[in-house]
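First chain A sits with chain B, and in the next complex the same chain sits with chain C.
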Partner chain A sequence: MIPIIGAMLLILIIGLVATIALDERHSRAIATAASLVVLVIVISVLFNSLLTGNIVHSEQYAYYLPSLNVAFEMQFTPISFALLLMASIVSLAAIYAGNIEKESPKASSALLLLFEFAAIGLFTSANFLLFFIFWDIGVVVLFFMIYLFGSAGRKRAAIKFLIYEILASSLLLLGILMIYFYTPLHSFDLSYIALNFHLVSQGVQSLIFLILFFAFLINMPVFPVHLWLPDAHTEASTQGSMALSGILTKFGGYGMLLLFATIPIASSFSYYVAILAIISAFYAAFVLMRQHDIKRVVAYTTIVEMSIILIGIASLDSFGTYGAAYGMLAHGFAVAMLFLAAGSVGHLFADRDIREVKGVITTSLSTAYTFLIGTFATTGVPLTAAFIGDILIFSGAQSAFGNIGLLPLGALLITGAFMYFVINKSFLSAKDSSKNVNYIGLSQKVGFGILMLAIIIFGILPFMILKLFT
Partner chain B sequence: MILVPAIVVALPPLLAAFLAIVLYNDPKPIKYIALGASLISLVLTLYLFVYSQNTYQSFNWFSISGYSFGLSTSTAPLNAMLLLLVSIVTPVVFLYSIGYMQLPSEQGRFYSEMCIFAAAMMLFAISASLLTMFIAWELLGITSYLLIGFYYRKNEPPNAARKAITTIIIGDIAMLAAIILILNAYHSLEYSVILSSPQSAQLSLAMALMLIAIFTKSAQFPFHEWLSDAMEGPTPVSSFLHSSTMVKAGVFLVIVLLPLFQESGLSNVILAVGLISALIGAGNALTERHVKKVLAYSTIEDLGLMLVALGLGSLFAAIMLFIVQTFYKAALFFSAGIIIKANDGREDLYNLYNSAYNKFIFALIAISALSIAAFPPFGGFFAKSAIEDSAMPNLAIYAVLMLIGLATSIYIFRWLILPARHNRAETGNEGFISFYVIPKSMRAPMVIMVVLIIASSAVYLYLPGYLSGIAAPAQVNAVDAAISTIVSSIGIAAAYFIYRKNRRVYLSSTHRYIYAALHNSTITNSAYVAITAVVTYVAEAVAKFDYEFDKAVYSTASYFVAIGKAGRSMVNGQVNTYVLAFVLGIAIIAIAFLV
Partner chain C sequence: MLPAISITPVTALIALLVLFLISGIAAMFLRKAKAQLAISSIILLAIFSVSSYIFIHGINVTILQVFKVYPFSTFFISVFSVGLLLVNMLSYRYSKDFPSFSMLLAFTASGAFIVALSFSLIAIIFGIEIMALSTAFMIIINGKQYVEPAVKLFVLAAIAVAVMGFAMALIFQYDPQLSIGQIPAASVGTYFVLLSLLLFAGALAMEGAVFPFNLWIPDVYQGAPGNVTALLSGINKKVAFVAMFEIFFVLFINNLQLLSTVFLALSVVTMFFGNIVALVQENVKRLFAYSSISQAGYILIGFAAASLYGIEASAFQILAHMLMIIGAFAIITWLEQKNIKTIDDYAALGRRSPLAALSLTLIMLSLIGVPPLMGFVGKFLLFSSAISSGLLALAVLAIINSFISVYYYAKVILSMYSRKEAKPIPMGWEVKAVLLIVVAAIILFGIYPQPIITAATYAGSTLLGY
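For the complex of A and B:
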């Protein structure tokens, strides 16, 4: 058995050290290379598992804390592998293409590599303690991403992000410790907990569920704990936004999937969760309609999409669960595309206000079409990956909650209509007074290409991932 | 013979679209590639039509939890019919585009989008399951959106495109909801499975949602206004997407799934919406001045008539109109393009002149007009008479249909006669010449279409055999044929007397109220604006709440700061305070012990 996961983490650490140690001129290239190697490993694992029909794989390194009986244990599960694949592609795109502002490539590349390390570690953790550790690495790295590289109000936004995320982290730690102490054999191990948690009394289960639910809810984010996201996006750099919406929000989504899969009492809460998700989807869709900053618009689409994913998770139906996982994969690509395009617009015009920016297509064809395809992917057009996610999520939600489960489609309608409004106002329109101040380089176009390819490949060939699920 | 999977017909245009994207910066060969690809598709279609009629195929796309989502295609008579229509129209439109789209800079975008559209339309035609249909359906909507907004440098097209996509996305979401309801109720998306057991608790809701999607796609009341705005797109797009193929996707779905709609009790809805849309279309066409928008409203009317026939249960009449409408509407749009091109891009009917100079072209335009005016012996006559026949039992509907028929012949001859006038302001003979310098690639498609219009009369004879087992043939009876011919002639005569020579008749100034009743597109538009305003108002309120919420959360933080400030005074570094606290603490402990 080849220690694949350990190798990936090691490569990222080596890349990180090399990025920091060597000259600033090489840092982006080194970081890209490390990220690319990881992606190649992930893809080869995917092909191998398609041939053998089996993805499940685990590695154990050492007893990390013998006194607590915790091992440094990593594993692939089908769902976590899908998210891992997404995270490695989005990271590569962010590292290679995201730094449009060309701001201290060394520090930003190093931070992104560390974030990719955290993401891969989180999605492969086999126990809750490792999950928590990687979670916090990710949060802290992104705090620095926002705090160091962003626009004028970045410091305030970064602190706001950190306060919300620290609250989530502390709830998460509390929940994990409670799980540890209430399971019969005191364990952090995910599979052990999933098998034995029904032995815990109902009241304790409910308490633990609520604590962890709020932790993940903050991270996803869903109304009413979404307030950190729009600010963080407006102020963060393009790379920061891509990592934030593309990958960090999936930490919460993945945690939510684990939560609903491990704690049996979750089923009695699922109806309320669905109601919350519906409210959140409509809330975000309406707020989205009154935004002027392109990045803020995209930020609110994240809340809409994550609410839809939440209703899929809450359905506890196999369609809904797998749909949510696939939806997260699709959303990661789509939102990274939208943020990369929005960042390019900001760089091209030194402005992201839809009332001011006009005629992106005449300035940069690739940016305009990337935003367009990102919008298709957001609204779930077939042949983009999001369609597969949507049809599975809503099928699961409809069978679990009845026709109420279809309501979030209304929010998707509002979101889509407004996104097309933005496109016709700023992207596919005549260029009048607004003037471009910059040009975007080849690396951005490559970044657009990587993400576009990903969203279309997983839209046309969904069986590559879905085969692993069953 | 070798069994060819039906899906291959969609591949040549898809490949051409891919090549058009690759050759984006060197677009010279693209138009020929597109034309060649569409001809290959036509050959493949004919092959399928002859050698593999009624073949069903299904590919497993992906499967999950033991359920597999299949992409199935079929060449059953109805599917083959639509496929043949699309495959015939596609190369003709591409030929026309060679002459019409002459700027190299726009060809890459134009042909890539048109080819994707053609592939999607072919896929739609052969789809045998809701999943296959939905993929094609969404691609049709998107390509239509992109092509309407094609001239993005102008002011109007982006707005028209936005209106179209906003309407279409309503339909897409409704269709997705309908598909999910059907998937969960039947555990299958195949047409055959659903049609074989049309009883299910959720079916009525699903079919009602699907009907919304159909009305948005086929531009029916109350979703009809996007179609006239869609005329901002290039003329080949109008003649291809917005008259002969895409807008008929909705009607086609009703044709295929008619038993389900009847089972759900939606026949009357279909009938009512069709009738209202036909009236709205005819009224607006009578008063519209934009040369292409007249035809757009006329398309709304035609589609409405098809739905009327379907609502009355006369599948045969609907299919008959479905076929002949393709040819005469494409021909009319081709003529509109020629007239616009010869008049330097002007589009106002009252500002267009001289179309009668080139007698050959004028004759072709006149034949198309006669066909839509239901004048015998062209195809339109048989189709519209068949629909009127099916309405015979209900005199009210029959009378309305006659009224619509009268309006049709008036507006189409108004549309024909106005641009045929001589421009008095003109001194030289440029106007005369302009109709003779129309490129051959634009004239040839006119000829092909008019030949097809004339040939389409034969459809009336051939169709009953083709549709045996699907639809009962409708006999056009002599009395009705006579009445309808007389009505049509009265309309033509009226149009001639009102609009002949340079008599400028503006209904808007002479009969204000009649004009307002007929030209009701402004009312519809204000209704759309009002709905948008309501949604925006709600959004404004929610956004305000979001802002206040954020502020409230922020101010809670300030309470913590205040507590911290209050607490800070206790650790101010002065020994007296600490001693006081120490003494107080000792005292409290002592009291606690004593009590």
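For the complex of A and C:
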């Protein structure tokens, strides 16, 4: 068997070294090439698995901590593969198109490559220790991304982000250590834990569940621990926002999926989790309506979407679980596209306030339509990928929680209504349009294209991923 | 009659240790700084190689019933020789009088090696005292303004030695040869032995900068020249932990339960003290002084775990922290000369010297415990050793501390990468070399820690006698 995962990680590291070592002029091109090679590998694996009907694949390398019996073990599972696919596409778009401001391409490309490395490692890790290691690398890289390339208030936002995220990772570390020592034959291995964790006493299981639940909740983020997200997005650069919302929030979502899949006691908490998710969705939707900054608006849609995904995960139903995975895939593309469009607006007009910016469509057709399609994609309009995700999530939630499970649709409705209001007010209104101070380049348009294509393809041909699940 | 083949490397090691001392004394008279740097580096490298050879071959020899060459001692001789090599290199430029410094370093080194080798309480007290005295002189040879930290260090060391002497007197009746080999099990729980144990703990805690015996340590660290601070926190403090290993896990092995409780308490208060006080520091050197106090608290977690796993974790973290703190103080020493001292002064270091900023960032991330750096592996082993010994609460408190520490390290990182126009600062080759070695080691052993863990486990198992 070819060590595909090892090869992907190695390519990213080689790309990273080349980006740092070579001249600043070439850094974006090298980083794009490395990311593109990884994407090609991922797509070929996808096609191969469509032909053979099997995605499961694992690789094992040297021992990391021999005394704890931890090795570098990597694996694909259907769900992790879906997220891996999303991460590689979004990373490519962010590296190639995200640097609209053209600010120190070397450092930002290098950081994004390292982040892609962390994301791919996290989604493919076969034990909780590697999961934690890649998680922390991702968090630290994004901290620097926000701090180095953000706008004026970036210092405060970066510190806030770091405090929330390190709290999450401290809890995560505690949780995985407890899992290790309470599992009968001390192990970090995901599949072993899933098989044997029912042997652990109920009280310990509940404690571990709550610790890990809060860790992932902070990262997702879901009300009431979402406060880092809007600030981080407002201050981060376009690339930072794309990576943050597109990929980093999925770390928490994927962790939450693993948590509900491995710890049996989770089923007794699922009802409370669903209630929390519903509250969070409505809360974020209401706060959303008071925002003026386009990036902040998009940031709050992330919270709404992640709450909906949480209800899918909590349903513990195969529809809900697969829907959550598919929803995360769809949301990654959609939100990265929205942030790219929002960043373009900020660059075009040096302003992102929806009360000030008018008539984006007369200045940049592509930006306006991208934002429109991104809105379709977040609100789950048919033929976009999010539609498939939402259908699955809500059918799962309905069967698990009854009609209460359908309540977040209301939040989605509010979000959609406000987003169309924003589009109407700022993007599509052709009269008294604002003067632009800058132009956007071809690479942004290519970036729009890559993400739009992904949204449409996975909206029309969902079986490519869904076939893997079943 | 010992076979000749096993005695040869040990003789070579002892000869090298003596040679290092002689070369230091000779440097005082010859006063050739460059030659001395080369000679002492070569001898230290030779010590490192020979002791690693002895370690790998598992040679076990007792010399005169006072010293014992066995994997535990050779492990720490190798560790300390690396640390001394780095400090020596750093001091070449930043010490006012390098030949005199060399002599004192040779004495400090022999103190550290004596403690690592010792199999007798007399040797331990002797080694610790010679080390503390020569370090105090190292501070004072730099000028009049250094009298205060030197005196503070001297007084602390004197108190520690006095208390340790009293502790030795208390167990003299059970252990008339003052050997480290266990005291009779019949005496377990007697008042004298328990009191002696506590006094030893106090005295060594004073040497190891453990709260509440450390209140002068930040003054000493801040007041002393940077290269001596690197020595103090990188070597001297770690030697105290080695002495703790020898005294508590061999001599007092029958009182493990009490030991665990004592170290649990010391560890928790030290971590909280170091981290909370570090939050409000403005001077970077003082910040690192408190940070290294909190790190001493983490190292004590392994003692509280009181198991082979705990010893292994502590030994790993001793090595990791030695490397990290010497790297950090290398940068601090270098910037101190340019009058860059507070966190605000560190602004835009990322532009003024990208190498220094990147190295300090990596070192601080490693101190926080971010994977895949060496500090993460150390902390991970420590926390899991606590949980495996059933001390879940200790692990939780340690993780809370880790979380608190993020704030002050991040403050320095943020300051270094703030946007401000500034002129570049040139960096000497000594600092560059130290940083390169440290950064390479913390990345390499963070990704592939297996050799160090295996070695630490082996050292720990020979300490416990199996």
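Everything that follows uses one rule, which is that the second predicted complex is superposed on the first by the 468 of 470 C-alpha atoms of A that agree within 3 Å, B and C clash if a C-alpha of one lies under 4 Å from a C-alpha of the other, contacts with A are read in each partner's own complex, and residues count from 1 in each chain.
Basically, a contact is a pair of C-beta atoms (placed from the backbone, for glycine too) under 8 Å apart; a residue touches a chain by one contact, two chains touch by 3 or more.
This is a predicted model, so every value here is computed, not measured.
Taken together through their common chain A, the two structures put chain B and chain C side by side without a clash. Once the two complexes are overlaid on the shared chain, A:I361 sits against chain B while remaining clear of chain C.
Within the superposed three-chain model, A:N403 lies in touch with chain B and out of touch with chain C [touch as defined at top]. Contact with chain C, but none with chain B, is seen for A:Y64 once the two complexes are overlaid on the shared chain.
In the superposition on chain A, A:F131 makes contact with neither chain B nor chain C.
By the touch criterion stated above, A:L177 is placed in contact with chain C alone, chain B being left untouched. Of the two partner chains, neither chain B nor chain C is touched by A:F213. When the two complexes are overlaid, the chain among chain B and chain C that reaches more residues of chain A is B.
In the overlay built on the shared chain, the residue A:F394 is in contact with chain B alone; chain C does not reach it. Residue contacts after overlaying the shared chain place A:S429 against chain B, while chain C stays out of touching range.
Put simply, the three-chain overlay gives an angle of 160° at chain A, taking C-alpha centres for chain B and chain C and rounding to the nearest 10. Overlay on chain A (Cα): least separation between chain B and chain C is 5 Å. Taken together, the two complexes place residues 163 of chain A in contact with chain B and also with chain C.
Of all the residues in chain A, the ones that touch chain C in their complex are 62-68, 132-133, 136-137, 140, 143-144, 147-148, 155, 158-159, 162-163, 166-167, 170, 173-174, 177-178, 180-181. For chain B in complex with chain A, the residues that touch the partner chain are 61-66, 134-135, 138-139, 142, 145, 149, 152-155, 158-159, 161-162, 165-166, 169-170, 172-173, 176-177, 179-181, 183-184, 205, 535-536, 538-540, 542-543, 546, 549-550, 553, 557.
Residue ranges of chain A in contact with chain B, taken from their complex: 163, 224, 227, 283, 286-291, 318-319, 322, 359, 361-362, 376, 379-383, 388, 390-392, 394-395, 398-399, 403, 406, 409-410, 412-414, 416-417, 420-421, 424-425, 428-430, 462-463, 466-467, 469-470. On the chain C side of its complex with chain A, the touching residues are 309, 312, 365, 368, 370-372, 376-377, 380-381, 383-384, 387-388, 392, 395-396, 399-400, 402-403, 406-407, 410, 414, 417-418, 448-450, 453-454, 457.
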